[in-house]
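Below you'll find the structure, written out as structure tokens, and then a few comments.
Naming follows writing order (A, B and C), and every chain is counted from residue 1.
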Amino acid sequence: MRKRSRLSRFNVASLALGLAFLYLPILILVIYSFNASRLVTVWGGWSLRWYHEFFGDRAMIEAAWMSLKVAASSASIATLLGTLAAVALSRGERFAGRTLFSGMLYAPLVMPEVITGLSLLLLFVALDAERGFWTVTMAHTTLTMCFVAVVVQSRLGSLDRSLEEAAMDLGCDPVRAFVAVTLPLIAPAIVAGWMLAFTLSLDDLVIASFTTGPGSATLPIRIYSEVRLGVKPEINAICTLVIGLIAVVIVIASLASKLSSAQGESAAPL
Amino acid sequence: MSARRIFARPARFAAIAPYVWMVLLFLVPFAFVLKISLSQTVIAQPPYEPVFDLTAGRASLEAAFAALSIDNFKLLVSDDLYVYAYVRSLTVAVTATALLLLIGYPIAYGMARLPTRWQAVAMVLVIVPFWTSFLIRIYAWINILQHDGLLNQILLALHLVSQPVVWLSTDSAMYIGIVYSYLPFMILPLYATLAKMEPALEEAASDLGAPPWQAFWLVTFPLSLPGIGAGVLLCFIPIVGEFVIPDLLAGSNSLMIGQTLWLEFFTNKDWPVASAAAIILLVVLLMPLLLYERLQRRQLEQGR
Amino acid sequence: MAEELPKMEAAAGVADVETHLALDQPLLRIEGVAKSFGTFRAVDGVSLDIRAGEFFALLGPSGCGKTTLLRMLAGFEAPDEGRILLGGKDIAQALPHERPINMMFQSYALFPHLSVRDNIAFGLKRAGMARADIDTRVAEMVALVKLEGLEKRKPNQLSGGQRQRVALARALARRPQLLLLDEPLAALDKKLRESTQGELMELQRRLGTTFIVVTHDQEEAMTMASRIGVMNAGKLAQVASPRELYEAPRSRWIAEFVGDVNLFEGEFKLRDGHRLVIATRDAGTLVVAEPRQPTGETRLSVAIRPEKVKLSRRGPVSEAGRETAINQLDGVVADICYLGGSTTYKVKLDTGGIVQASVANSARLDADAYSLSQHVVAWFTPDDCVVLPP
């Protein structure tokens, strides 16, 4: 006998409406990016016109390139630092300043971006650092390493501790046990952490606005200043490209994590 | 010495690099914000009077402390513009969080009752929009909400309205934008608690004579309170400091605190006042932040 | 071939230890070991000798400290007090990877990212063994635990029983002087558990490796081990062979923990050679055999295992039975519990107490089975009773 479905009509309806709400606006945006008409709201047939326009727009291309560079470098540094932080928090037991350390790692997760951005800018000004690629990268690293730390820490927390003990029992010192057993097992979470850091950096407007200097605007900064002036079809095209890029990153990363942990060790989705 | 301690020693070394980084790029900058919020504005670059000159020794340090002023804070609590901005930030955050809970709960509940195989799919579906750019998602709504946008076109075609409704630069648009952007943050913690709940609990309630809505209200809902708490905090805190959504979707006649901070900083170039605004924002959020931090840590420790 | 190699290696291992045995030393000596977690004394002054080649079981309820003791032997915990001597050398503070001891974990702790082969080879690689030797040793281990053909599988592609074998092979691959097994069979279902018990014993006999197994299952301990150490509240309550543990428990707690038992409290009345007469509260006056010297204690308990209690309608039938079955108790059948191979009767005695009797169901159609409320006589000999402290 089949078990009676636990889904009520109300459940189905709220799921359907919820998902529609989440996806329709993005879908509409993507469709309109192929609109031939200059008027955003009038459908003038399919066209790649706005993509051509974007690739002809040097300022936009430069901003996009800048964003990609910042995202890739900050995500990589953040993944390294965040993983180290997660290891220290989940395996370090008690140590001096632990509470401060975990507080500093959790706070940026929910700290309003305006505050983080402002404080970092004041630091860079005080140090008289030239603002540009490196300041944005450092700012993004600071923010995203916290996300990496949380993702990796939750994976480390759910890992069976007896795996590490077994490695030691079989002749590994603690560091080699970590490298031989723990690291491969948390690899999916590390990959997920990098992905998250990359997309967060690619996405960030506020912190980048504070910490960047003249002549090195990131893509969100460019998009933002364009959007403030009104809707432009070219922006639709750029947005679609970004969505496409992020989709590719997600697919590659989830494939990678599937391969690295082929055995049902599911990657943390967030 | 235990197995944990054998591991702990090398693990602590791992803390050094991130620790130093966070102190230098998170803690120290805060000291700067605090310091500058207590400075006088001068028209220069950078537009604030340096408070400490560490090279000048102790005397200058003492002089500097004497020169610290709370004028910026006085300004912020006496000027209606700023007081109003704080009140508005809080009302917007409360309203939006309530809306998020109302909309997010049924979705999370529906997800939790899906067959297990589909739950994973639904979770991915909820998370994916979160990965697409925040700014793009707001922009998508500008497309829809503008004067001759899709929403007005549909409303006109259905003869629900006789002329286009003004959506952009209104609070409704802002709430739509906030709900849209923060929905995954509300759904995921709710779903996490609801999915962990044993299905037999609701079955037991109905077995004991409770109709479905009572089974939900008396059993499921109280047990999902931790998830509600996490979701509410996760949305409320960043919404208070939100800048982009109100800036792009709401009207410019009433500002939220994030916007005033931005305005003081970028337009008026009044860094000390902007810093003071940031400090006050932080003080307002301190309670929920501490609550959230405790919640997070407890969850992680339970995960062990 | 595969069967001979381990023997040779084991022989070498024994030879290594033999120099110490010459000095009449046990393989492992635990001396006054104690370990606290906060204020909780998990292990409280345990001393124990284990000889090379022994199959030893640590038995006790959960929380009795047996796992903590095992983890101290493996090196995951360091004792607060006491010494742990392996072949005469104190290893109490040595790290896990420095000990010639391996452990089979309760959860098996198989590395999910490694194949069966790589799991088994893991410890060998750490030991710096040559590749060819590793291959030989892995093949030999795979054959030993009968996992041929599964070398390339990952742990999650194996059944519970297969995983258990991989864990065993992995722990044995390094030829440890001592193998620790933490609840090795707990994750298996009943049928598999019974067959695996036999295989473990066979393996241990063949390899000659010293095994220490931790279990809460007394049947498991009795079946497999040659000696059992019963732990309670951090202390070793008794160390004995399975038979001795069952037939001559040292305390009421052990008698109750290991198997079922009838216990009657009473007072010592008089001594007649090796026999004591004890006036019990619930079962009248009992005559019990007690070869030990009197301790001067007057309050005592008498323990009788249910299968030693016989039932009949009018007392012992045979002439010999009538002579030896000095203890005869009249009562009424109050409860019947049919268990298949045997039936347990609860008899309410006229003197007020209840005695349990386990009767083998030796015939399929038993017309003589007792029914509820039937009058019966429960009888047993003085030799079947054990005198215990109250």
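Here are a few things to note about the model shown:
The criterion applied here is as follows: a contact is a pair of C-beta atoms (placed from the backbone, for glycine too) under 8 Å apart; a residue touches a chain by one contact, two chains touch by 3 or more.
In this text, all values refer to a predicted model and were calculated from it rather than measured experimentally.
Looking at contacts between chains, the pair that accounts for the most C-beta pairs is A-B. Relative to the C-alpha centre of chain B, the farthest chain centre belongs to C. A summary of chain positions shows that the Cα centroid lying nearest the centre of all protein Cα atoms is that of chain A.
Look at where the CA atoms of chain B average out and do the same for chain C: the two points lie 58 Å apart. Centre to centre, using the average C-alpha position, chain A and chain B are separated by 16 Å.
Centre-to-centre separation between chain A and chain C, using Cα means, comes to 55 Å. Within chain A, contacts with two or more other chains are made by residues 165, 168. In chain C, 76, 95-96 are the positions where the chain touches two or more neighbouring chains simultaneously.
Shown for chain B are the residues in touch with two or more other chains, namely 3, 6.
The part of chain C that touches chain A in the complex is made up of residues 74-76, 95-97, 101-103, 105-107, 109-113, 122-123, 126-127, 154-157, 170-171, 174. Residue ranges of chain A in contact with chain C, taken from their complex: 160, 162-163, 165-173, 176, 180-181, 184-185, 260-265. Chain B contributes residues 3-12, 14-15, 17-19, 21-23, 25-30, 32-33, 36, 46, 103, 106-107, 109-111, 113-114, 122-129, 131-137, 139-144, 146, 148-150, 153, 180, 183-184, 187-188, 199, 212, 233-234, 237-238, 240-244, 248, 258, 261-262, 265-266, 271, 274-275, 278, 281-282, 285, 289, 292-293, 296-297, 300-301, 303-304 to its touches with chain A in the complex. The touching residues of chain A, counted against chain B in their complex, run 6-8, 10-12, 14-15, 18-19, 21-23, 25-26, 28-29, 32, 39-41, 80-82, 84-85, 87-93, 95, 97, 101-115, 118-120, 122-123, 125-126, 138-139, 141-142, 145, 149-150, 153-154, 157-158, 161, 164-165, 168, 174-175, 177-178, 195, 199, 202-203, 205-206, 209-210, 220, 223-224, 227-228, 231, 235-236, 239, 242-243, 246, 250, 269-270.
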